[in-house]
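A, B, C, D, E, F, G and H are the chain letters, set down in written order, and residue numbers restart from 1 in every chain.
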């Protein structure tokens, strides 16, 4: 008995590798009943998202405007997600990924974290709020397959 | 006047008898406007649901991982259900069934319990939170038929 | 610019006159984007709704069982309604109508009351929680037409 | 082990008999840890509550203004109540009592109804949402005593 | 990867210029996945919305009835919106626009304000609750395009 | 029977007249069980509230920072209020007053508006969401006295 | 730095051993800032809690009435708890314990389970929703000491 | 007019410098009406918080247990906070700080971030959800002083 017609899966976090594409293509190959949503993953476009509202001299306010425009998208998509996958990569601070995880946790959304084992200690609070901790995109797909089609 | 296009009915609890199949087949035969959702009812698969994330030596953690993976499914389905049916069978502790009933009650979901009369005293707190207490799958179908098509 | 694809309108209250049919037929004639939901309006069926779960000697418990079975339907429909219309007729106590209005008010649902002018003083608390107070089904249809298609 | 320092009990409904005084005096005599709140029970004052904001020619608007002023009090007190007792008396429509019960039910407040047996059928939907159905103020006090001090 | 099938965008505020038409036509030209909802923008119809429920001598109550009928529409549409755009024009008090913005903010809806630069100081509290502050309809369309299709 | 130990009353809106002092001193003279909270009413201090975080060249960002600092206070106080009084004065746009009213309305807080009769038409949407519409501080005190001590 | 003045701890579940007394006395000996609340733990009184409302011939309805009276207490105490401890003992079905855990989980309350290791597999879904899994009352006290006073 | 008797301020984030002590001692010196709450800031104790529940061989599960025990404290304190201050220091990933900020944001808590300017770009999403962005503990104290005592 399939679980539900379609699940919304939001893919949050790191934007410097192709983990989203791996998950989406594997899910499509398996014909899983999943709709994927993502933040804007074009780094430059994301950083400049607020520029259309007027240029800023101070980089703090440029960042501020762009971060808020991006939040229009990210918060609505987390609100509507059935599952939130949060990826932490090898590099960078990725505080926005952890922020999204906290936001999703407070909304009681099921969270799957995806990160290499060396981040386990640093991510223990985030993992403690997750319902699954994966190391590879393939594991995420397996969990989603099990959850939605078993 | 029909009540609503389609109702989501989540069938929680005991997985060792064919009560779900009885309800679903009777509902389909009567062409009721119902979508049924269930937990994973393959006992072995459910117990091993977390194994894809890595094997565990300690059975507590194996259980823990699997229970959380299953929770991705069960909590979202309860969240989205219009009615939650909770079955308590003859055997086993079935604490997860009572847990799901409590979870559904706090979300103000209409609950139908399904159990033999000999469990009535032990289930009095759960039945007190239910809107219907049935003894047979046929009664559940009759209630759902009445609620959705009368 | 039309307001929204379709609105769910729940028609609560009195079941001894044809006010629901008047509203529904007028809305259909005007092709309004409305889905109507109602409680079970067959008085006998409603009173006996719990009998399928077993007969009761004590009329209090017979009523209790039936009222709960009906609540499976009424509460979910109020939860999902975009507008709740509550009709108070000439006769009977109709406490369930006022109960539904209170329930809808706490959920912040827009309420339209429908009752003859002689009930105005007795219904002042309910009317105070309503966004419109109508005397005729035709007025309800006009309000719904305005709200959804202007 | 006492349950909680103090419980807020809101006494809703009929204002033409001394049932509130009976409950409050018995609770005080028993030194129960209860704070009682009530609507304004002076019928004339309640009907004229809005007059300070300006007189109205139309009795509908006079009622409307007064009902809203009273709602400032009643809704906040229901919001803050740990238990809501709703009394239905022998006379009048008492739709505001049923409205308050519905409002409390949607907020998931424990409800105790208090009414004579002859209203049982007419109040079945309200009683179905209650956690206790009493016929006398003394029974209400016993329930509150048990709940808060046993 | 597109973000979500369709977004509901509620266009609140000023009704004396064609800013809504500019946004809608540009969005349609760009084939953006947006459904637009609006209040009733026919000023006369809006002012008279309550007249069908009976004429009023006192202009305060005429306004009151109409404002409530309009609220049936505006509150449901804000409740269901994914994004709320609030326009403040050159003239009039436009307190209803600010009221809608506050209502949307408390519901945690993403808000885009649209107003000329000379209102910046007077609107600083509203802008502080917004995720984007635009000066032209074209900027609003660009933000919506970015948010929903990038 | 007094209604509740103490009520929190938030006095929102216009800061250029002494209406708050009139309400507070009258309430104290009458020994009413009220705690009053207010926004920062020192106009200059309010406009400069963000300056301690660093000066801004662009007046928009100066306003933005100050408005957000003020929002720390105003939103928490509205969240905790039992009643919100919103004053609209003779002058200025006062969009923040209307914003606060909308915010309070979405949180289902009882609202009392206070404004001269000439603003009635422009404030009809705000008044429609209020439970009392007053013209003088004395009327507000009378309503609060009635609500909390009758 | 102490964490908070006082924490409310609700002790749910098994009533046939002295685990509550062990926790409370150890907490008092250590002067921990804890207020403990419990269900009625007098088994006979709990089973007969509804009798004051009138005797019942049918044991199902006797149970039903008593379970609802007890729910007045248990649900309010869970609603107000900062931490919920749920004990599963050696015997009985204890479905009410699991129900309370589910109820607390849906309200996002921190849960500490307390049970012997042999129940680990049967309680895996409940433990998966807990923030701590203890085997002895002493461990519960240690966790509470750490959480509230470290 | 002071704003509210006492405000709960939760100090989240970095635990390797004395920023909390600076804020608390300055607030006390100024006699501000603030109660401060913190996570456990003893790094070793925090890492070992779960050990009382039994030792773990696998460092992942040791971390997991401790993180959950700490979450009993941190989530309740965020739930009860009036303001959440989140500090990001010079070193470490500090994903738990960003997680707490996201959690607080979803609960609509006013957030003050505290970090050096070089983290501005990396923290733009977190800062975009904050109502104040400070660089020094002294600025945080000034904001809290203004918000609670002006």
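Observations on the model:
In this text, a residue touches a chain if its C-beta (ideal position, glycine included) is under 8 Å from a C-beta of that chain, and two chains touch if they have at least 3 such contacts.
On a predicted model such as this, the values are computed, not experimentally measured, just so you know.
Think of chain C turning onto chain F: fitted on CA atoms, that turn is 180 degrees, to the nearest 5. Each chain's centre was taken as the mean of its CA atoms, and the one lying most distant from chain D is A. Taking the options C-E, E-F or D-F in turn, the interface that duplicates A-H in more than half of its contact pairs by residue number is E-F. For the pair chain A and chain H, the fraction of shared interface numbers is greater than half, so the two copies use mostly the same residues to meet. Chain centres here are Cα means. That of chain A falls 30 Å from that of chain B.
Chain B and chain F have Cα centroids lying 49 Å from one another. Chain C and chain D, compared by their mean Cα positions, are separated by 24 Å. Chain D and chain H, compared by their mean Cα positions, are separated by 42 Å.
Across the assembly, chain D contributes residues 68, 71, 108 that each touch 2 or more other chains. Chain D contributes residues 1, 3-5, 7, 82-83, 108, 110, 112, 130-135, 139, 142-143, 146-148, 150 to its touches with chain G in the complex. Of all residues in chain A, those touching chain H in their complex are 59-60, 63-64, 66-68, 70-71, 88, 92-107, 119-129. Per the touch definition, chain A reaches chain E in the complex via residues 20, 24, 35-38, 40-42, 45, 49-50, 52-54, 65, 68-69, 71-73, 75-77, 80.
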